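The chains carry the letters A, B and C, assigned in the order they are written, with residues numbered from 1 in each.
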Amino acid sequence: MAFSLRDIADRFGLTLQGDGAGLIEGVCSLQPGMPGRLSFLADPKQDGFLAQTVAGAVILAPDMADRCPAPALIADNPQLAYARVAALFLPPPPAAGVHPSAIIDPAAQVDEGAAVGPRVVIEAGVSVATGTVLSPGCVLEAGCKVGPDCRIGANAVLGRDVRLGARVRVEAGAVIGGRGFGLARDRDGWVEIPQLGGVRLEDDVEVGAGCTIDRGTIGDTLLERGVKLDDQVHIAHNCRIGALTVIAGCTGVAGSTQIGARCMIGGGVGIGDHLRIVDDVILTGATQVPSDITEPGVYSSTLKAMPAGDWRRRLALIRKLDRLEQRLRALEKPDNDKGDRA
Amino acid sequence: MAFSLRDIADRFGLTLQGDGAGLIEGVCSLQPGMPGRLSFLADPKQDGFLAQTVAGAVILAPDMADRCPAPALIADNPQLAYARVAALFLPPPPAAGVHPSAIIDPAAQVDEGAAVGPRVVIEAGVSVATGTVLSPGCVLEAGCKVGPDCRIGANAVLGRDVRLGARVRVEAGAVIGGRGFGLARDRDGWVEIPQLGGVRLEDDVEVGAGCTIDRGTIGDTLLERGVKLDDQVHIAHNCRIGALTVIAGCTGVAGSTQIGARCMIGGGVGIGDHLRIVDDVILTGATQVPSDITEPGVYSSTLKAMPAGDWRRRLALIRKLDRLEQRLRALEKPDNDKGDRA
Amino acid sequence: MAFSLRDIADRFGLTLQGDGAGLIEGVCSLQPGMPGRLSFLADPKQDGFLAQTVAGAVILAPDMADRCPAPALIADNPQLAYARVAALFLPPPPAAGVHPSAIIDPAAQVDEGAAVGPRVVIEAGVSVATGTVLSPGCVLEAGCKVGPDCRIGANAVLGRDVRLGARVRVEAGAVIGGRGFGLARDRDGWVEIPQLGGVRLEDDVEVGAGCTIDRGTIGDTLLERGVKLDDQVHIAHNCRIGALTVIAGCTGVAGSTQIGARCMIGGGVGIGDHLRIVDDVILTGATQVPSDITEPGVYSSTLKAMPAGDWRRRLALIRKLDRLEQRLRALEKPDNDKGDRA
């Protein structure tokens, strides 16, 4: 796989500066760079690396172009342009066809333009559209509908009645459509509340490795168009995540919570059940959300590590904060005024 | 699948109010409801929806019965009654029998009443009792004992010597019996402490998708009768979780900790190693437990998101709490009294 | 499997005290112990159990030897000696050879000294060295290189171009080489930044069940020699974890962060992206690290559960800390001095 710089400029509508004949056969870091490979400069803090780079070419913003020692591709958003160009160097998807070891129920419909890998299991009532890749060992339980150009990772599981739009990506080991966690108390134990709904992932949703998204109790758990989940994210039953919201790794969202569109949720965040979070909310890493968020904005409850002894003293004081407040109040009261007693 | 309301009332010992001949073919939300489907009213906050519902029937408490616009099933605990009735509409379990692609060691015993799905692997010494369902791709390593009427999810793994009672449910992708995380320091590295115990899950235990439960070092890691785990819960080696305790998603319990019976543990909670938590403890979401809990009750250390700038100022003050306390003490001391100096 | 005590002493260079002829056929706890089995005493708090133990033999430190009621093996580091001896009782690894249900691409190289279990999938360009065990259902995607004496757990996934040194252990259900979570903003959504690097796990790395380690964007995500991960740890793209660092369960490390050597990181910890943590840092459980750590030492931000009502009052005060500080400042100001006003 190699492309001339001119070819790349043409394909992606970028302005070429310098020699367009050189072949680009991959990507590289800006520092030190590699001849024959393409890098990009998006972060102004990396300006200093530009002069020394030995990259074969650099994607950068117009105002940087005259400082580039190598041929350049000029883009208003160099990171976005890089994301598109670098996709040229991804390994090609597997060819369409069904591996002989795949087990496909006769009552399933697999488009002949889909690629079904070794050991895939497809149960009755499943449909798989063209261009979709099912990686080795993944399981599609009864009634799943998978749209076109999706990718399901190795050993991932789509439970019954999970429905995916177009270009949905589910990484290895993820489980979509596990049972929701709903329990009713009985005299001598717990009775599971049957989870009869499904999960719906709209177009362009991505689900990272090891994620779990539970089926709804009656209706569907829903991730709207373009939602992106990092690895090991947990979305409980009946949740609804708004379009284009992104959620970083190890975050958990409890049952029946609705998150708006275009939110950016950090890693290790915990969001309680039955909450509403409006559109355009940003949560910093490890923030805890036990109640509704009704205004867009950036929210946080992130702590910050200190030397352990110092923290222990702070923690002891946190645990005594009410006493501290009482002491403060005592000082504020005229009849406790020490000046009086002096 | 459709059942007359009278039939449902009879099966579950509920009091029928109104026409019992109508057929119920599924469940629905109270609002808006769906004709021919069954809903329930358990949460008093949903009272308002009752009058408008178009549900075919509603399960509700006696004091609500006269306000129900549809035929009703009257139950003291409507949620519990719903949980039982709704199970009628779960898809039937797969028929008993062994899929030809399953790989069963000749030295394993699989009851003919069990259902063994495609690509299941069963190693030597395993026994599987009647009524148990092994979903596609799950792996039962050497010596596992699985009791009657269990369900093991797709691509789940039971490590060697894991033992399950009756009606245990393990969801897709869970790993029971991974190695415990025990290390001894060597001059130039770490030596793994062999984990020679197993894992025991008693009757009616449920384990959610993506959970991990590690084997014990010498004895067994133990989840007692009726313990319920949501998704992505981690139970480390040598833990013992008491009967009927429920643990929500993304919670981790470190090694050798013992948790009592009937505890309710929120999501994202972290519990340290070698601790004891007594019976009937409730932990709110994201609470951290670095030491024993010796009295029943509700415990918390849950933070709450604020606008990020506001939180930053609070965090700076938390980090200066010792200085704040010193300033407070200074004010309290007679010889620092400003009145004196005035 | 049974070994005489003398045989064990000889194999591991331990000093035998008492009768060496007795056969040891397993391990046991010190309390109550089991005849014919071996225990150890490392924790001084367990001294009291020594006198009553019925263990067949005990590994202990020289200064304890004269208090041991059973034959003893004397070691300077009893825990380390136990870790080595107990490995005698681990089940033997499966014999070398390829299970007929494994699916191996003709363009892969599997050493004849490797053991390839049922349903394993090995894609083109993969190499597997001698002594390595591939457990049932694991998937090795195109181009993976697995060194000698590794163990890959059941249903684990090694993505394309993942490279493992010698004696690397990956537990069941782990996913190494998932896509990194990098996104570029587009006018109407997100464009994935292709992750073209791999993952490299050096010699003696261990990865627990359900872990996820993402591939690098351009270069490799790297875990150096002897790094040990507990279960459900997440390591994001481009991270570098230094030699011999251990990380407990449910911890997440965000993208491009570098952690030094010999760190000990507790469970449930969250570490932000693009950070540097130096060598020899210890983080207590659930600590949050949103910025660099530049000095070795123990760091913490671990909270501690309180009765929920008490905590609610503390939390309210935390949220009012700036007001508290203002009140304190008001008291400190001479013109607010109550003594003056008295």
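In the analysis below, contacts are C-beta pairs under 8 Å (C-beta built on N, C-alpha and C of every residue); 3 or more make two chains touch, one makes a residue touch a chain.
What you see is a predicted model; the values in this text were computed from it and never measured.
Participant: To lay chain A over its twin chain B by CA atoms, how big a turn is needed, in degrees to the nearest 5?
Facilitator: Result for this pair is 120 degrees.
Participant: Have a look at where chain B meets chain C and say same if over half of the interface residue numbers show up on both copies, different if under half do.
Facilitator: Chain B vs chain C: different; shared/all numbers falls short of half.
Participant: As a quick test, compute the distance in whole Å between the mean CA positions of chain B and chain C.
Facilitator: Chain centres of chain B and chain C, defined by C-alpha means, are spaced 24 Å apart.
Participant: Residues of chain B touching 2+ other chains?
Facilitator: 119, 137, 155, 173, 210, 232, 250, 284, 302-304, 306, 318, 324, 328, 331, 337-340, 342
Participant: Could you please specify the touching residues of chain B with respect to chain C in the complex?
Facilitator: 103, 119, 121, 123, 137, 139, 141-142, 155, 157, 159-160, 173-175, 178-179, 181-186, 189-194, 196, 210-212, 214, 218-219, 232, 234, 236, 250, 252, 254, 270, 272, 282-284, 287-291, 293, 297-304, 306, 310, 313-314, 317-318, 324, 327-328, 331, 337-340, 342
Participant: If you look only at chain B, which of its residues touch chain A in the complex?
Facilitator: Chain B residues touching chain A: 26-29, 77, 79-80, 82-84, 86-87, 89-91, 99, 101, 117-119, 135-137, 153-155, 169, 171-173, 204, 206, 208-210, 225-226, 228, 230-232, 244, 246, 248-250, 267-268, 284-286, 302-309, 311-312, 315, 318-319, 321-322, 324-325, 328, 331-332, 334, 337-340, 342.
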